[in-house]
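Chain lettering (A, B and C) follows the sequence in which the chains are written, and residue indices restart at 1 in each chain.
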């Protein structure tokens, strides 16, 4: 996060403390990664939040919507001790990784936390492997996500609606790490349970490598569009080389239960400024599924026009 | 199909005779494949079924919803003699393969069966080929589907609603064949024209290679999610090698007219159990677009907890 | 465009003057391409059209819906002088290319044309490049699009609804050029702001290489299906070679703000004829999101059955 509000801005625009994500974890170093590591253990706390929201957090009183980005290296095992500090049944269900039915997070498999209960979920990951018949089967690396699967319905519809979701990144050895990292969840017709002008403003300095993890929940189809930046439509958002035939895109379907991620170099070729991101379904963007990617100058100052753009963003929707 | 219900299960849970697919065809052996084969001929019968459904079948009285999986090797030609044993205009229209306008299956091209009529449709497939200008053009291999294009409207809307659809697999030489194969059609807000607790329960034994062919029809967008298993988002669901940049996914858009397929190794890394599959749009999953992938132990017995999960599945939705 | 109506056709069926696109630009030759070229300059005119439509055109009085296909070679810069000959605020916003905030086309960045105003927008493109950290970042080549982002709302909802959109193709050196080129925009529940029987009929002769650029706007999800033809789901629609694992498809999600393109060889393997293309959501196709790809004989004459198919197309929907 960039510290504080820039000089001269009339209104507070930095909502990243609410809508953004905590500082980058350093999974390699934190885990003493050597080949197949021993399980890494974390504790998550599910808690009620103002505005009828519920969030996951890494410490009591620190729950956010979305929850913290969880990171694993491909091959790692992660043990999550989930503490349910709410009065509702809830759980944590991951996408992309491997887990026994006990860690499924579904009421179907009796895998959830009763109110007040503490329960451990175990997630495993693996590198691509060769099956007995010679086929190469996929590994776990990817931009995934986790979410409740038990509050309100057997599919966690109430938990999802209220904010029990977050990003899960499984990295392959050699993957390039970003300077900054942001989670964008199209949840119903909100972004991270907010709408403009309260939708997240994600910040970076010109030239920084920024990672976006896009996730969707709810009942509606969406498309995610980012102004001024684009990415390759594959696992990393980057190319294997100059002849890689992967399509370049700047607008991608983002439908419930799906996720993708990519990295851009902030302002590369387009300069600093206030760049919109939004759902490209018109009724959704017009109704507030619109936020900003604020690319500052290298020294952290605002480029010409950015302050006015921020004012327009706040004035239009409020 | 696994035989019968396991000991101790109070209620019948094996709906695969209704919602599943017949045993795997063996297209190579059945056809005496040598280079470009002579046309293979089959006869399909379209018939009314209980519950206001209509299905295709390989013999009179054997129609199912979805219809039988049709398989071709890339390069093969398939001649389908369609017998219309209903009182409605109907047809068969394939995706992915080549056909003259006479075999289009559309009223636009006067290509359909009147009530009681027998008509032959010819489908051809080809390997990737080099065009005169040097470009490599795609082959026919893929997880495709076939469906009515004439009942009710010129687009076959009534036929689709009532169940006139099925999977078409065109395999490339060298493709790995599965041990089991299941067709999943998100049709409107049903799965194979059923909803939970009558949605299909697909079964396998731990370690078996299982092929899923996912298809969608109707008016609604969907996403297909499978618990505990994932696949590569490409033609086969597997990788070309350990460095293949294809994304791994476990949730994929499944919208009308589209299809995809993939193979998983049942329970690999996660163990046997009752694994949910469902549309990830919450209102759809809550309303019954939820079924089970039941992975049994290697000896065919149920693993701990599976019976309870099956009971919960039936109790919750009924 | 094929000239005129064929002998013997009772009704005029060639709507390509309305729904199609102008003749192929020749960006290489027109621009004297040598390495990184100097900016190429064009002028676009936004004008009101009959039927409450608004279009872009390359000369006064020549506006169409969709607007002209704009083409760039990867590495080129394009300067668009946009003349607003309407009484409404409007702009031009591109996908896929690079632009400063001044050329964003969004009211957020004060980037639009007031009524009567002339304003220049600059779009840049680049080949794939290696970032300082060694990663290969994507280039600009792709089947993109441009559209209004200012009329009616800050997202241009009125402009989009009324027809202010068009295709933008950025080609990589070595890309194969088509013989014909057509733009298909699923806009709301229309195709190029038309519905059957007025939806576009795209024509080609047997064996011609035809490029389709598919775009979507509005609020609805769609899937694009083409009868008798299929393509590879990547940047070009073609394969890198015979072992390319890219899926072959003939039905693809086409949701607001997204675009894709591909080339087919007209009638290859299926012969000439009237081939339907349509949204595969049944209520959309039944309501008129259906047009034709009319593949004539090599000499330009109509093949057997095509005239009847054209008559049925017109009779059914009118």
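The working rule: a residue touches a chain if its C-beta (ideal position, glycine included) is under 8 Å from a C-beta of that chain, and two chains touch if they have at least 3 such contacts.
Chain labels with UniProt names: A, B, C = Predicted multicopper oxidase.
Keep in mind that what you see is a predicted model, and the values were worked out from it rather than measured.
**Q** Given that chain A (Predicted multicopper oxidase) is a copy of chain C (Predicted multicopper oxidase), what angle of rotation, in degrees and a multiple of 5, matches their CA positions?
**A** 120
**Q** Quick check on chain B (Predicted multicopper oxidase) against chain C (Predicted multicopper oxidase): do more than half of the interface residue numbers occur in both copies, making it same, or fewer, making it different?
**A** Mostly different residues: under half of the interface numbers shared.
**Q** Go ahead and note the Å separation of the Cα centroids belonging to chain B (Predicted multicopper oxidase) and chain C (Predicted multicopper oxidase).
**A** Taking the average C-alpha coordinate of chain B (Predicted multicopper oxidase) and of chain C (Predicted multicopper oxidase), the gap between them is 33 Å.
**Q** Give the residues of chain A (Predicted multicopper oxidase) touching no fewer than two other chains, as numbers and ranges.
**A** 221, 240, 244, 246, 253
**Q** Sort out for me which residues of chain C (Predicted multicopper oxidase) touch chain A (Predicted multicopper oxidase) in the complex.
**A** 93, 95-96, 98-102, 104, 106-110, 124, 126-128, 131, 133-142, 153-155, 157, 160-161, 217-219, 221, 234-236, 240, 244, 246, 253, 255-260
**Q** Within the complex, which stretch of chain A (Predicted multicopper oxidase) touches chain C (Predicted multicopper oxidase)?
**A** Within the complex, chain A (Predicted multicopper oxidase) contacts chain C (Predicted multicopper oxidase) at residues 176, 209, 221, 223, 225, 227-228, 230-232, 237-242, 244-253, 263, 265, 268-271, 273-276, 278, 280-286, 290, 305, 308-309, 312-313, 316.
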